[in-house]
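Per-chain residue numbering starts at 1, and chain names A, B and C are given in the order in which the chains are listed.
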Amino acid sequence: MNNTKMISRFSLFKRMVLFAIIISMLCTMLSACSSSGDDEDTATVGENGVVYVYNYGDYVDPDVVDMFEEETGIKVIYDTFDTNEEMYPIISSSSVKYDVVGAGDYMVEKMIQNDLLSEINHDNVPNFKYASEMCLEFAEGYDPGNVYSMPYTWGTVGILYNSRNIPDGEITLWSDLWKDKYYDDIMMMDSLRDGLMIPLKILGCSCNTSNEDEISKAADKLIEQKELVYKYATDAIRDLLLNESANIGVIYSGEAIYCQEDDEDMHYVLPEEGSNIWFDTWTIPKVAENKENAEKWINFMYRPDIALKTYEYLHYGTPNVEAEKMIAELYPEDFENPALFPDESLIAKCETYHYLGKETDAIYNKYWKKFKAS
Amino acid sequence: MNKKALSAPYVIWIIGGTLIPLALMLYYGLTDGEGSFTLSNILAIGEPGHLKALLTALLLAAVSTLICFLLAFPIAVLLRRVKRAKGLIIFLFLLPMWMNFLLRTMAWQVLLEKGGVINSIISWLGFEKLRLINTPGAVIMGMVYDFLPFMLLPINNAVSKIALSTTEAAYDLGASEMQVVFKVVLPLSVPGIVSGITMVFVPALTTFVISNMLGGGKIYLIGNIIEQEFTVGDNWNLGAGLSIVMMVFILISMLFIAKFDKDVEEDLAI
Amino acid sequence: MKKHGALRVIYLVLIIIFLYAPIFTLMVLSFNEGKSMGKWTGFSLRWYASMFSDEEIMEALGNTVFIALVSALVSTVIGTAVCIALPRMNKKIRDAFLALNNIPLLNADIVTGLSLMLAFVAFGVSLSMGTVILSHITFCIPYVILSVRPRVKQLGNTGYEAALDLGATPGQALFKVILPEIRPGITAGFLMAFTMSVDDFIVTHFTRGAGVNTLSTLIYGQVRIGIRPTVYALSTIVFVTVLIVLVLANVFQGKGARARQGKRI
C-alpha cells in the first residue's frame, strides 16, 4: 500500500530533478557564508582542547562562553536539555561523553548513588572559596562537602500572576490554584517533581515523601485540577504569561524576574504552604574526557565578575558571596523582590528535592502517568 | 566482477540498520533491567495510565483518519472534473506538504493559542475568548492538517485512474450524480482509500509531537508515554515493551483495514 | 448539473483556505514588529535580520542540507547496487530482500528511531551527527529501491549480455549500459531520499548527539521554550524556497515533456 504513496510522490519528484540540487547548493552556501566557520565546531578544537558542556538551554550567558574561550583557548561545545530527567539517561548510558553537566540537586544525589560522577579536585577550583554559607548548608542535604558538585544558581518555585487581570494579593496559596474562577487561566509545571510537589505541599506532606498513599492523593488532586488548567509546560510558561494567553503560571523565581522586566504588573508569590528551593550545580561525569578543562570551566563560573554577569543574564540566585555584594550595590531594588530574596520565614518552609531511590521513583512515575493520561 | 557482490552493502545495512535494532527492541521489551526474561513490560499496557493513553491515541487517530477521508474523497472527485489548469490546482493542494511538518504544526499553535490570532479576532468582535488549544479537538486538527496530503495523494491517484468512459457510461445508463460517485467511483478507488487510511492512521496513532505541541501536556498518547520512558522516565525496558504492544495494535488495524481490499497484499509485494 | 458548480468551487476554496491560512499567518507575523502572536504592532524586518544572524539557525540549516546530501548519496549508491544485483539472485533470496525492504517503510517512525538508538548504545557508538546520517541512510534506502527497481526490471538482462558479447568488460557493461538506462530512477530515488531526510524529525530526535541540530529538532526545541518570531521568519523563507523550487521544476518539466513529445512526432 505504500506503493501508491511512492508512485504519486515519484512523479512529483521527477519534476524536481535539477532544482533540489540547486537549492541544496544555495542552502549550503547560505549557511557557510553567514556562520563563518563556527558551525564546524565538531571539527575545530581550541588550542587547549575542548570542553563538552551539557546544560539547560539558554542557561549560560553566551558572552561568558565567548570570554571563557578567549581567555583559556578551550573550545566550548554547549548542548542542551529541557529537564534533568531527560539528561540522566544520556549520562547513565554514556551515549554522549560530556565533560561538565548542569545537574539539579536531587539529580546530583541520584548520580552520586549510581556512581556516575567524578570527584571535583577543589585545588583546581580555587574560586569556590566565594561560595555562600546558605548554599553550603543546603548542599549538605544532597552532596555533603561538595565533593561531586558545586552550585551554579538557586531559586524557588512560586506563582506568577498578571495583576492587571487578577487583583493584587488575591493569590497567596497553592490551593488558590484550585479555585473554579481561574478556569482556563492557570499554567502548571509539566515536570514530575515540580508537578507533584504542589499538591503534596497543599496536603501538608513533604515533597520527598515515599508514602504511596500520599503520592496517590497528590496525583488525584492534580486530576481534579486538570479541567481548570490552560496548559502544562515548563519553559514556555513565561512567554505565554507575557502574551496574556493565561494569567497565572507556576514558575521558577528567575523566570519571574525575566517576566517582570518586560511587564511590571507581574507579581511573584512564594506560597505559604512552602515550596521547593532548588540548586542547579556543575558536575563532572565519570566518563568525562576533558576533566581539567571541566574544572577550569567551573572555576571560571565562580569568578565574581562572571557570577555577576550570570546573575545579570539569568536573574537566578547566585551562590557567590562577592557577586551578591556587587548586586546589592548595583541593583538595590532587587533585594526587595520576593522572587529574588524571599522572606526567611518562607525559605524555612522550603525543601530541596532528594533522590528517592528506584522504587519510590517508580511510584512517582506511575501516578504521574496516571494523572497525565487522565 | 560478480554482480551479486553488489548486494553486499545492502545486506550489511539491512542487518545492522533494521534487523539488529528491531531484535534489540524485542530484547529490551522482554527483559527487565537485569536482563532476565519478563513479560511485565508487555503486560504493563494494562496499567490505567498506559491503557488510557493507548485508547486515547486509537480514538484520536481514528477520528482524524475519518475526517481526512471525508475531506479528501470529495476533493478527489471534484478534481476529476476540473478541466483547466488541473496541474496547478493539484499542485496547490500538495504544496503545503513540502513544508517542514513541525513548522506546520507550530502554525496551528500560533492560530489557536488564547493570545493567538483566532482568539484575538474573536475578542475584537466582542465575544468571549474560546478554549481552542490544548484540547483533543486541537490535536485532531493538527493531525488532519499534517496528514491530509497522505490521504489525498493515493485517493486522488486512484480516482484519476478511473477512465472517463466508465463514468460516462454510468451517466448514459441514467445514473444520477450521487449514484455515480457512490456506486462507481467509490468502489473503484478502494485501493487508494486503503492506502490513505494506513498512511494517516499509523503516524497519527504513534505521534508524540502533535500531542505535545497542540495538547499542552493535557493530551497524553501512547507515543508520548513511550517517548517519556526513553527520555524522562529512564525505563527503556518498559518503553520497548510498550512499543511492541503499539506495533501489535498497528498490525491488527492494518489487517483489519486490509480485509476491505484484497489488492493490498499484492500492493505490498513489490 | 450547473447549479452545483458554485458549491464545488466553494468547497475547494474552503479547503485551500484551511491549507494555507496557517502558513500565511506565520508569514504575516514574521513581518510584525512586536513579539505578540495575535496583535499587529507595525511592519518590521527585524526578525529576518535576527534570523540570518542567528548562528544556531544557520548551523541547523547547514546540518540539515549536509545530512540530507550525504545520506541521499550513500543510500542511492547502496540501493542502486542491490537493485542491479537482484535479477541475478534466486527467487527466494530476492523475495526475502524485498520483504525486508518493507520493514522500515511500514514501521512507525518512533520505533525506527528508538530501535536505532538502542543499537547505537548497545554497540557503544556515542550519538553524533554520524549516527544521524547512518539512521537516515537506513530509512532512505527503501525509497531508493522503490524508485530504481522498476527501471531495472524494465531493462531486463539483454543489453548487459549484448555488451559482454561485444567484448565489454562487466565493469564497462555496468557503467556504459545499465547505469545510463536506469538513470531517471536513480535521480528520482536520490531526490526522494533527500526530501525524506530533510523532513524527518522523529528519527533524528532519538539518534542525534551533542549539539547536533537539524531544522526540525531546532524548531521542536524552540517551541518548547516559547515560540520566537525568528521562527516565523524561518518558516516564511522555507515556504518561499519550496514554492520557487516546485514552480520552476513544474515549468521546466512541462517544457521538457513538450520537447520530448516534439521529438517523437
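Annotations for the structure displayed:
In this text, a residue touches a chain if its C-beta (ideal position, glycine included) is under 8 Å from a C-beta of that chain, and two chains touch if they have at least 3 such contacts.
The model shown is predicted, which means the values in this text are computed figures rather than measured ones.
If you take subunit A and subunit C together, the chains in touch with both are B. Counting C-beta pairs in contact, the pair that comes out ahead of the other among A-B and B-C is B-C. Centroid to centroid, with C-alpha atoms defining each point, subunit A and subunit C lie 35 Å apart.
If you average the Cα atoms of subunit A and of subunit B, the two centres end up 34 Å apart.
Subunit B and subunit C have Cα centroids separated by 18 Å. Contact with two or more other chains is made by residues 113, 115-116, 230, 236, 268, 270 of subunit B. Counting only residues that touch two or more partner chains, subunit A has 2-3, 9, 233, 240, 243, 245.
Residues of subunit C in contact with at least two other chains: 36-38, 102, 106, 117, 146, 195, 223-224, 227, 246, 250. Of all the residues in subunit C, the ones that touch subunit A in their complex are 35-38, 52-53, 55, 58-59, 61-66, 68-69, 102, 105-106, 117, 120-121, 126-129, 143, 146-147, 184, 187-188, 191-192, 194-195, 209-211, 221, 223-227, 241, 245-246, 248-250, 252-253. Across the complex, subunit B is touched by residues 1-5, 7-9, 12, 83, 85-86, 88-89, 92, 184, 190, 192, 226, 229-233, 240, 243-246, 362, 365-366, 369-374 of subunit A.
Of all residues in subunit A, those touching subunit C in their complex are 2-3, 6, 9-10, 13-20, 22-24, 27-28, 30-32, 34-35, 38-39, 41-42, 52, 54, 57-58, 77-80, 82, 93-98, 233-236, 238-240, 242-243, 245. Listing the residues of subunit C that touch subunit B in their complex gives 1, 4, 8, 11-12, 15-16, 18-23, 25-26, 29, 36-39, 77-79, 81-82, 84-86, 88-89, 95, 97-104, 106-112, 114-119, 122, 134-135, 137-138, 141, 145-146, 149, 169-171, 174, 195, 198-199, 201-202, 206, 215-216, 219-220, 223-224, 227, 231-232, 234-235, 238-239, 242-243, 246, 250. Interface residues of subunit B facing subunit C in the complex, by the touch rule stated above, are 1, 3-7, 9-10, 13-14, 16-22, 24-25, 28, 71, 74-75, 78-79, 81, 87, 89, 91-93, 95-96, 98-104, 106-111, 113, 115-117, 119-120, 145, 148, 177, 202-203, 205-206, 208-209, 212-213, 223, 226-227, 230, 236, 239-240, 243, 246-247, 250, 254, 268-270.
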